[in-house]
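In what comes next, chain A is part of two complexes: it sits with chain B in the first one and with chain C in the second one.
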Partner chain A sequence: MVWGIVIVIWLGLALSPFLFHDVRSQQVAARICVFIVLVASYDLLIGYTGIVSFAHTIFFGLGAYGAATALRHMGPGWDAIVIGGGIGIVMAVILAIFIGLLSLRVKAIFFTMVTLAVASVAVVLVSQFSDFTGGEDGITYKVPKLFKPATKLLVDDDGHVVRWLGTKLNGKLAAFYSVFCMSLLLYLAMIRIVNSPLGTVLKAVRENETRAEAIGYRVVTYRTLVFCISAVFAAIAGIIYAVWLKYTGPETVLSFSINIDILLMVVIGGMGTMSGAVIGVVLLNLAQYYLRDIMQLGAEATANLPLIPELLNPDRWLLWLGLSFILLVYFFPAGIAGTMLKPRVK
Partner chain B sequence: MRQDILTLDNVCADIAQYHILHDINLNIPKGGVHVLLGRNGAGKTTTLRTIMGVLHAHSGSIKFDGQDITKYHSSDIAQMGVAYVPENMGIFGGLTVEENLRLAANKGKFDPVRLKRIYTLFPAIEKFWDKAAWSLSGGQKQMLAIARAIIEPRKLILIDEPTKGLAPSIIDNMIEAFHEFAKETTILLVEQNFHFASSLGETVNVVEDGKIIHSGDMKEFAQDKDLQTRLLSLSLDQHQ
Partner chain C sequence: MTLNNLLSGNNIRFLPVAIAFVALIMIGNPSIWVTLTVAGLAMGMMIFLMASGLSLIFGLMDVMNFSHSAFVAFGAFIAASVLGRLSGWNESDSVLLNMLALFSALGAAMVFGMIAGWFFEKVIIKPVYQDHLRQILITVGALIVSEQLILVIWGGVPINVARPQFLQSSFIIGDISIEIYRVFAVFLGTAAFIVLHLTLNRTRIGLLVRAGVENREMVEALGFKVERLFIGVFVVGSGLAALGGAMWAGYETLITPEIGAHMMISIFVVVIIGGLGSIEGSLLGALILGLVGNYMAFLFPKMALATNMLVMIVILMWRPYGLRPMVKS
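The block that comes next holds the complex of A and B.
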């Protein structure tokens, strides 16, 4: 059932350029793809290993800023993405090893505090080194020609770009499918990891560290390893997002609110399930982008009734989002996928 | 005279501010089952935990297979070929029976011969192969914990009260199983069930207040009722 929902979501994402023709829908679909990778990589940490980190956006940011800086300085080539993104990934791994070895030995709450401090430092550094990072304004740059909207993937006899099911077969579509394919591959790779012997060790570490050590697994090594793996996936997600947006700034990749969103998505979907990442990302993103529209429609439809239009005023969308979250936690205490997959106790 | 696989030399260990082990001296010969007896709170479990590196001795030395492992990490000790079956079984309830066993198998791969033997000894393992370990009964969990310890060849297996809470019929099966294991490995067994311990043990060490107060042959100890009563301060007949 849960995996059926996940497959339907991926199919929906694959067909989204042909189902929804507006720009915002395409932006939301691409954001969902990238965030599935980001949230699934966070689930590797919090759900499969029991590590609560607030440094995840730093890894996302390192990938994004690596690619963005290289694209700005080296020009819009594939080499810039590979070199810049590669540097971003390497820096993410180095930082993950550093944080991991320094603080994964200590108790969970101290580790969380360390990551929170590092995340705050990263935001300040990006702001301070504005010559390099663009500061609060961020960086805009050009991407390879293939991804430009003006690029024609297929042309008709008159030299016009071919439309299929109402969608232009242009560079924007190529960019979307690159985002989609990369995200799907990365997601499948993470599913492979959690179903491998390494995944079993991670689950054992989450359940009982002392027991895991007593059968021969050095917990700190495995925690650092999964922290690094998670950092690599987050950094690659950052690179994909940077290339898609053609803009990288603190608000899009590094802000604390993104980390809170990721945490919410994991909790809503269900920690330690991987399928939950997909469900959580879709629900929260749809709520963030479309709840106001739905409320607007609701307010208009109930305009003649007392109080209800006021309550459905789109400005109050956060209230409804909060209420929905409370109800979700109440009815799905282990997240949507987590509760649906949970074996029933006789 | 057989070579010792494990030697504890004046080992002292604490739990928080409490001194639990006071100069423990213990020699475990290679092969067979060797029993650690003692009253509740005497320090038997702490001795096993200290050997395994879960607790660290603050003085004295522990030698395993000729190597000083006093300061070793428990994961390193496990990798050297020591398996530990704690009193609470130490299985991972959230994982399946298969995953629990796979964790202990070398590089996650099973030796088919050993696996077949485990199925023969503990049919429940095969029956509940795909089930989550939390759903097993107490006896089945204990079997899983022991199966995990023997899924790979081990030099030494530390087992803490394997019969606790088990039905007598299961205990009889377990005696047979332990006789099998003892042919190829060394078992250091902490046990309250004297019938079980005396049926299996070659040697016995009695712990009292964190010290070894008696070491000797199990058969002789089992026949000497006065010694049993004096050292363990209880009538062992009620446990037989």
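The block that comes next holds the complex of A and C.
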């Protein structure tokens, strides 16, 4: 059932360029693809080791900024993406090892607090070193020629771009499918990881730390390892997102609110279930767009009453999301996918 | 004697003094140094007010409240609103009326913090005792909701905070000028520390709280209701956070809804470097952070924003559990 939903969602994403023709829904579809990878990598950490990190956007940002800086300085080429992104990934791993060794030895809650402090500093550093990172404005750059909207993948006899079901076969489509395929591959890789012997050890550590240690698995080593793996996946997601957006800035890849978003997505979808990541991302992205519309209607309908229109102001959608999040953690701590999967596990 | 020997045991409490001394040598100019030191102490004391509650709550209840900064933000906004309402008293020349305005603002913030803390403990925290992961999640949810509530109630615009007239001016001694508000902040923080310290070390309730931090089950076995202590500590901690927020509002004089998010980092760093669960640790951590922050801003302005992080890294490398941990992790 759950995996059915997941497959339907991926199919929907695959067909989305042909189903929806406006630019906005293509942006949403690509964003969903990238965020599935990001959220699934976060789920590796929170769902499979039980530790909450607020530094996940740093890794996302390192990948994105690595690719972005290289694309700007080396020109739009594949080599720039590989070198810049590679540097970003390496830096993400080094940082992950550093944070892990500094704080994973002690209580998990300590780790969470340390990552929160680190994340805040990263945002500050990006705005301070504005020569290199573009500061608050971010960086814009060109991407390889294949991804430009003007590129024609297939031309008919007159030299015009061929249309299929009303969709132009141009570079934008190539870009979207690159994002889609990369995301799908990474997602499958993560499913493979959690089903491997390594994943089993991680579950053991999550369920009973002392016991796992007693059987002979070094908990610190495994925690640091999974922290690094999830950092690498987040960094790759960052590279993909940077190439897709042709822009990288603190608001799109680094802000604290993104980390809160992915935390909500993981928990709503279901921690410790890779399928939950997909469901959480799609639900939250839809909520972001449609909850606002509903609230707009509500605010207009209650315009004469005191305070209520303020509460229903579309900008306050996070208020309602936060409330439902609290209720969800109370009553369905396993999240949507987790709750649906449970009866079968028994 | 090595550095580590010098700073071991009780000597660690002189660390802020040592930092101040090193800074004096590096800065060279005594009058600038005095201004910076007073500012640092004032900042440290205000952060101490906010952080001590969080540390105590964690020490006693093993609850990490990620929405602690929401109390700070609410305290700041409530104090600003009360001072705005009482502008007549606030701007009069009578020190008595000034004091009345100030204390009603601080009092309102603190009372709100305590009531909200009580409600929060009952409704949000209680169902998730003993479960760190869900505590983090639920308090993060509460943080989102309370931030949004501030936006609903006070709107997204920055608010001016009117300081009472008698706290506006500065002492001037020779070429040194000291803002009275900073002295007041240091005074209030010291008073809060002394009260907390005496309560914890000299009273029966303090004894029970300390025993509860050390071994909860034993205290329960002896027939004391640890749960009531929990609520008490939570209420006091939240009240102190709101008080700290109110003081901070007067210090900054212009507050934005992001005040909670800004302070959260400092509060966490203080709790981390001070050591979880200890009041003295929080005081030490807060003073170190305040002093180093101000000195760095003067000596190396470019580095100022990363100070929190640097202090945290250095101290964690040296003492992985913080300066004075009460809780054995």
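Methods note: the second predicted complex is superposed on the first by the 300 of 346 C-alpha atoms of A that agree within 3 Å, B and C clash if a C-alpha of one lies under 4 Å from a C-alpha of the other, contacts with A are read in each partner's own complex, and residues count from 1 in each chain.
Basically, contacts are C-beta pairs under 8 Å (C-beta built on N, C-alpha and C of every residue); 3 or more make two chains touch, one makes a residue touch a chain.
Just so it is clear, the structure is predicted and the values come from calculations on it, not from any experiment.
By the document's definition of touching, of the two partners only chain C reaches A:120; chain B does not.
Of the two partners chain B and chain C, more chain A residues are in touch with C. In the overlay built on the shared chain, the residue A:213 is in contact with chain B alone; chain C does not reach it. In the overlay built on the shared chain, the residue A:263 is in contact with chain C alone; chain B does not reach it.
Chain A has no residue lying at the interface with chain B in one structure and with chain C in the other. Every residue of chain A that touches chain C in the complex is listed here, in rising order: 46, 50, 52, 102-103, 105-110, 112-114, 116-118, 120-121, 124-125, 128, 256, 260, 263, 267, 307, 310-311, 313, 315-316, 318-319, 321-323, 325-326, 329-330, 333. Chain C makes touch with chain A in their complex at residues 58, 64, 124, 127-128, 132-134, 136-138, 140-142, 144-145, 147-149, 151-152, 261, 264-265, 268-269, 271-272, 276, 302, 305-306, 308-309, 312-313, 316-317, 320-321, 329. The part of chain A that touches chain B in the complex is made up of residues 197, 200-201, 203-204, 206-208, 210-219, 343. Residues 52, 54, 73-76, 78-79, 83-84, 86, 90-95, 99, 102-104, 107-108, 132, 135, 148 of chain B touch chain A in their complex.
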